[in-house]
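Here chain A shows up in two complexes: once beside chain B, once beside chain C.
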Partner chain A sequence: MIRIHKSLAEIVGEQYVSNRKEELYIYSQDPGMMEPHEPDYVVMPKTAEEVQKIVKLANEEKIPIVPVGGSLSLSGLIIPHRGGIALDLKRMDRVLEVNEKSRYVVLEAGVTTGKLKAYLERNHPSLRFSIPDAPPSATVVGNIVIHGQGRLTQQYGFNSGMVTGLEVVLPTGEVCKIGSCSVGPYWFSVAPLPYLAGLFLGWFGTTGIITKLGLSLYPRKKMRDIEMFLVEDPNLVPDVIHRVTHTEMTEDIFIGAQPYPPVFKDIIMIGICITGDSEEELEFKRRMIWDAVRTHIDSREGGFMMLTPDIKLPLLEMPTTGTTRFADVMKGGGFEYCGPIIPVEKFPEAFKRLLELSSKYGITYGMTGRVIGRSHCMMFAFGYPFNRADPDNIETTKKALHDSNVASLDIGGVPWKPEVPAQKMVMERMDKNTLELMKRIKKLLDPNGIMNPGNWEAE
Partner chain B sequence: MQAYAKQIHRCFRCGYCKFPSDFTDFNCPSYSRFRLETYSTGGRLWLIWAWLKKEIEWSEHFAEIVFSCATCRNCVEQCPMGFSDDIVDWIVSARSDMVEKGLALPHIRDFLNNISKHGNPWGTARSKRDAWAEGIRRYKPGDEYFLYVGCVGSYEERGQRMARSFAELLDAAEVSFGILGAEEDCDGNEAYMLGEMGLFQELAKKNVQKFKELEVKKVVTLSPHAYNSMKNKYPRFGDFEVFHYTQLLSEMIQQGKIELSELKAKVTYHDPCFLGRYNGIYDIPREILKSIPGIKLTEMERTKENSFCCGGGSGNFVTDLLGGSEENPSRIRVREAHETGAEILVVACPSCMMMLDDAVKDEGLEGELSVKGIAELVKESSK
Partner chain C sequence: MYELKFNEKVCATCPTYDCLVRCQYMDIDKDTAKVEMEKMINGQDSFVLHQCATCYACEEYCKRGNHPFYLITDLQEKKGVLRMPKPLVTQSVNLAIPTRRDIQEFYGATEPAISLCLFPAYIDSILGKLFEDVSIILGRHFFCQLMYLHFGNPSLIRERLPGIIENIARHNFKEVIFFHDECYSTLTSYAPAYGIKVPFKPIHLFEYLYNKLKEHEDEIKPLNIKVAYQRNCSSRLAPKKEHFVDDIFSLIGAERVARRYDRENALCCAGVIRGQQRYELFVDVQKRNVEDMMNAGAEYCVFNCPACFDSLSEAVAKKGIKPIMMHNLCKLALGEKPAGWK
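== the complex of A and B ==
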């Protein structure tokens, strides 16, 4: 132990290695409700070269490595289930390049979504990225690795689909570039080469450590606005989404429902964000959207809610603090959610299952959803606030979470960034050859099984 | 068990507390210094809760984490939760529990013992408190203002310069004032923030008793720390108005009691936490600077509510729990000031003066950037 600690300190410096109880405790968990497990060391590298040395050491010593970003997946993906090294990447925090004309950014693994937002606003105000609803301390790479979504997901698909290049430290210690940056100096695209980025996205750090990321940027319009369409019947939601996305006029489309305050009970809110460079452009888009759902307005099955500027502000905020505040709904400091990716037409069934589970377990809920890629699919979150100081409430919420994962799969969805038990559920239902392919890839890339063990691990 | 123990689990550890409102950089001094999650506000609160639940035991490292918070209130400013106003109180309460149980770090104990025995955190003799103040009038009943100089202003050379400049400006403007000299005692703000509530109350009562005996109606403080404790923590003990010296200075300039001549300099201003985030005074110091002909005020990236703390709060200007690295908050702040192209980093707090002046030397910026108190600049301009 002392020898390994000393070796790690030689790589990153004494002050960036710890095996003290306090650090091991904090890095044993995330704010979700998965059981904690302590690492043996917490290490904070500054460069890809340091990461490389740590990986080589871990291979020699056969000790696990768990890459750590913002620790905000809430599904325990950074819990070191078998101890080893919690590799906190947040000191690697430089934005390295912005290509304005080809609209991409290259950044290090520890850059937070907050920092990138601020950087672009200050230095490249005509550009933006797909900001997720996670707090600003979430890292951009962490969001990509879990197939995160953001404010531009409705237009351009999953944030992971916006990757234009990667630098990865492989589990065996080689530094590898993926995409155009592997051939030349530019990070514009992962195509037209074989799609190797897929070896690292959605794998939760089990196949390598992303140290640099190229990411697509998009035009940042001068104005943003929001319209809020309300329905009571969940069966109408897929049709409303279909009609609105057909206009191709919208930025983000999110859906929300919650029982509190009581005035919102039984109402489903569909937030439709629009952008424009002029008031005329916004007005044109508004008209197109209103026309698209006119039939539901005329039949009085739905209608737009009047939004005052003070209501619009938090709805347009990026990242939205409302998501984080959900954790304090019960003054308990926690919330957990199962957020499967589902076909849009399955929204009514998912919503029905959420209400049933909330009633079954006697717990409150918060439903949020986000349309992905012109309604190719959507994220549907079975969200439950819980009280960290109430063990019974935690146990009940865990059961609701488990049942939500089952429900997600039953209706044809796939749990998003699933916690380890949900990963096992997914793998149980997965095509056997697909599972075998995953196992082979994992074995090939990580022969010593040191990378974030416990995750995506088939029996 | 104190009330905070029933609330502290409400922190979700979302991390908003690490940032300024525009997320440009990390804005929590201890997190910026160490970068381990344990030193973020969320990490600290989770550890305190773990300690209360007996999931972790007290250790020296745990105490370092708890006491390394500079109580700058950036977390309070940025936390989106309904309990945000209570965060610093929770940390102070945990410190209080440690102090009561004899679990404070040795240098924190020394700091507090020195205040208790000698009236200052260094343990320097009380008799030397007014060694700087030759020629400065002593307060007598009937004077309009009692000038409370505080520990840094009394014992530390750079603080003394700030105190002398202000006193001389008062004198020149024929403002009726006086100091207590060697009779002055510590204001107790740091004792409070470090959780030594017994010592704080003793100091508060003692000071208020003196104010009563001397019929003090208006106190003007050199330090924002003293301003904070006397204005916000003393009221239940006494009945007097409290001003920070920049408030009085601004009034004197507006009333034409100080005549300002040209002073060509490019300056930037550092907001002290106990003046800014604790008491909402952001504009007055800037107005003073703008009133000096020839001064060009350039703002740093992080200002006002988003100002980056020098790391000196909660006694860190002596205990130095955030020092020993290039990532020392005061060095980060000095680099930020230097980036503005300013020649002078202006402060309104003697603790910030100590922290930032040392940091200028550590950064090798002597000759390029100097640190001055507002009163010093006004005095230079008034010559």
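== the complex of A and C ==
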């Protein structure tokens, strides 16, 4: 133990390695409901070369490595289930390049969404990226690795689809570039080369450690506004989404429903964001959207609510803090959700299952959703606030989450960033040849099985 | 159990039918107005029920003390004429259900007391010389409910209002100042029209502000500004208090600009029209209203109602006119800076 600690200290410097109990405690958990497990060491490298050396050491010593970003997935993806090294990437926090004309950024793995947002606003105000509704301490790479979504997901798909290049330290220690940056100096695209980025996205750090990322940037319009369309009948939601996305006028479309406070009871809110460089552009888009759902307005089954400034401004925040406020509705500091990706037409069924589970377990719920692509699919969050001081409440919430994962799969969806037990559920239902392919890829890339063990681990 | 006191004979002998003829949102001549009123008095359907913007103005246009607007809204409910989409109605109904946070009974409240209705955002503005020693009561269990006139379910007002009055009366106030004149109008117009008793004296905010300004008259620094005044729907139910607008402006040195859409010809803020999903009309009404303010040279748009403020302030501000609530304008005249004022 002392020998390994010393070796790590030689790589990163004494002050950036620790096995002190209080620090191991912090890295043993995330804010979700998965059981904590402590690492043996915490290391904070500054460069890809240091990461490379740590990986080589881990291979020699057969010690697990868990890459750590913002630790905010809520599904325990950074919990060191078998101990080893918690590799905290937050010191690698440089924005390396912004290409204005080709609209991409290259950054290190520890750059947070908050830092990138501030950096672009200050230095490149005409550009933006797809900001997730996670706290600003979430890392950009962490969001990409879990196929995260953000404010531009409705327009451009999953945030992971916006990757233009990667630098990865493979589990065997080689530093590997993916995409155009592997051929020349530019990080503009992972195409037209073989799609190797797929070996690392959605794998939760089990196939390598991303140290640099190229990411698409998008035009940042001068103005944003939001319309909020309300319905009571969940069966109408897919059609509303279909009609609104058909206009191709919208930035973000999100859905929400919750029973508390009473003003939200029995209604489903569909938030429709629009952007423009002028009032005229905004007004044109607004009218297109109103016209698109006119049939639901005329039937009086749906309508746009007036958004007062105190409601509108928080909804336009990026990231929104509204989710955080709801997360503590039980005043116990706990919030957890299962957010499967589902076909949009399955919204009514998912919503019905959420209400059934809430009723079955006697717990409150918060449904949030986000349209992905032009209604190609959506994220549907079975969200449950809970009281961390109430063991019974924790237990029932865990059961509800388990059942939510089952429901997600039953209706044809796929759990998003699933925790280890849910990963097993997914793999149980997965096509056997697909599962075998995953196993072979994993074995090929990580022969010693040191990378984030426990995750995507087929029996 | 509470029935509208509507005098059919008064209506039948009306020489003008101004209630409908003067409507800003329907084009109705006198003969048509007579026919449609008769239909509605007889409980029959009328296009008026379907096109009504629920702006309350017909209550003021009727100079004979009848209640055409209450008649229309009662019939809208009876006929199931939904002026707002169902989910917006559901939301509005749920909005007024008291939560745990509301059930703070404000036991320490003493007179003079002001009811802030359901506008907690304005707590910080009830400060300064105008509101010294004033106690605030606030919350859903003090919410007057009158907005359901817009939502096609006025029976909910009659169902809830006696309880609301009881909640206020429990404090044994002789008088209560109402920040929102919708509350004032509920108690002085709607409640009497349906025979609902009010055991305390409601005080209109503008009357209170005027009297307080008089107390501090020597401290007033005339503002020397040109203002447009945005009337709200419920002010139509309390026309006798309208003179306080001019009285206050006169005291603080604000010139009320002469314009087409003012006083009885005022246009609605259009928030409710948007809620009715009449987007074109909403845009048209706001545009005409704001252009009228601009053409008249208004520098400020003074609001009575927080809901109007929310609905219209952005549109006036984009045209360079400063939106401000009346009580905040009064504070400026006393050299006080309203919260958030730049």
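Throughout what follows, the second predicted complex is superposed on the first by the 459 of 459 C-alpha atoms of A that agree within 3 Å, B and C clash if a C-alpha of one lies under 4 Å from a C-alpha of the other, contacts with A are read in each partner's own complex, and residues count from 1 in each chain.
The rule is short, and it goes like this: a contact is a pair of C-beta atoms (placed from the backbone, for glycine too) under 8 Å apart; a residue touches a chain by one contact, two chains touch by 3 or more.
The structure displayed is predicted, hence computed values, not measured ones.
In the superposition on chain A, A:16 makes contact with chain B only, while chain C stays out of contact range. Once chain A of one complex is fitted onto chain A of the other, the partner contacts of A:72 are limited to chain B, with no touch recorded for chain C. In the overlay built on the shared chain, the residue A:389 is in contact with chain B alone; chain C does not reach it.
Counting the residues of chain A touched by each of chain B and chain C gives the higher count for B.
In the superposed model, A:267 makes contact with chain C only, not with chain B. In the overlay built on the shared chain, the residue A:287 is in contact with chain C alone; chain B does not reach it.
In the superposition on chain A, A:328 contacts chain B only, with no contact to chain C. In the superposition on chain A, A:135 makes contact with chain B only, not with chain C.
Note for the complex: chain C touches chain A at residues 82, 84-88, 90-91, 94-95, 97, 99, 121, 271, 274-275, 277, 279, 307, 310-311, 313-314, 318. The touching residues of chain B, counted against chain A in their complex, run 6, 9-16, 18-19, 22-25, 34-38, 43, 46-47, 50, 55-57, 59, 61-62, 65, 80-83, 325. On chain A, the positions that touch chain B within their shared complex are 15-16, 18, 20-23, 25-27, 31, 42, 44, 70-72, 88, 90-91, 112, 114-115, 117-119, 121-122, 135-138, 321, 324-325, 327-328, 331-335, 387-389. Touching chain C in their complex are the following residues of chain A: 230-232, 261-268, 279, 287, 290, 297, 300-306, 308-310.
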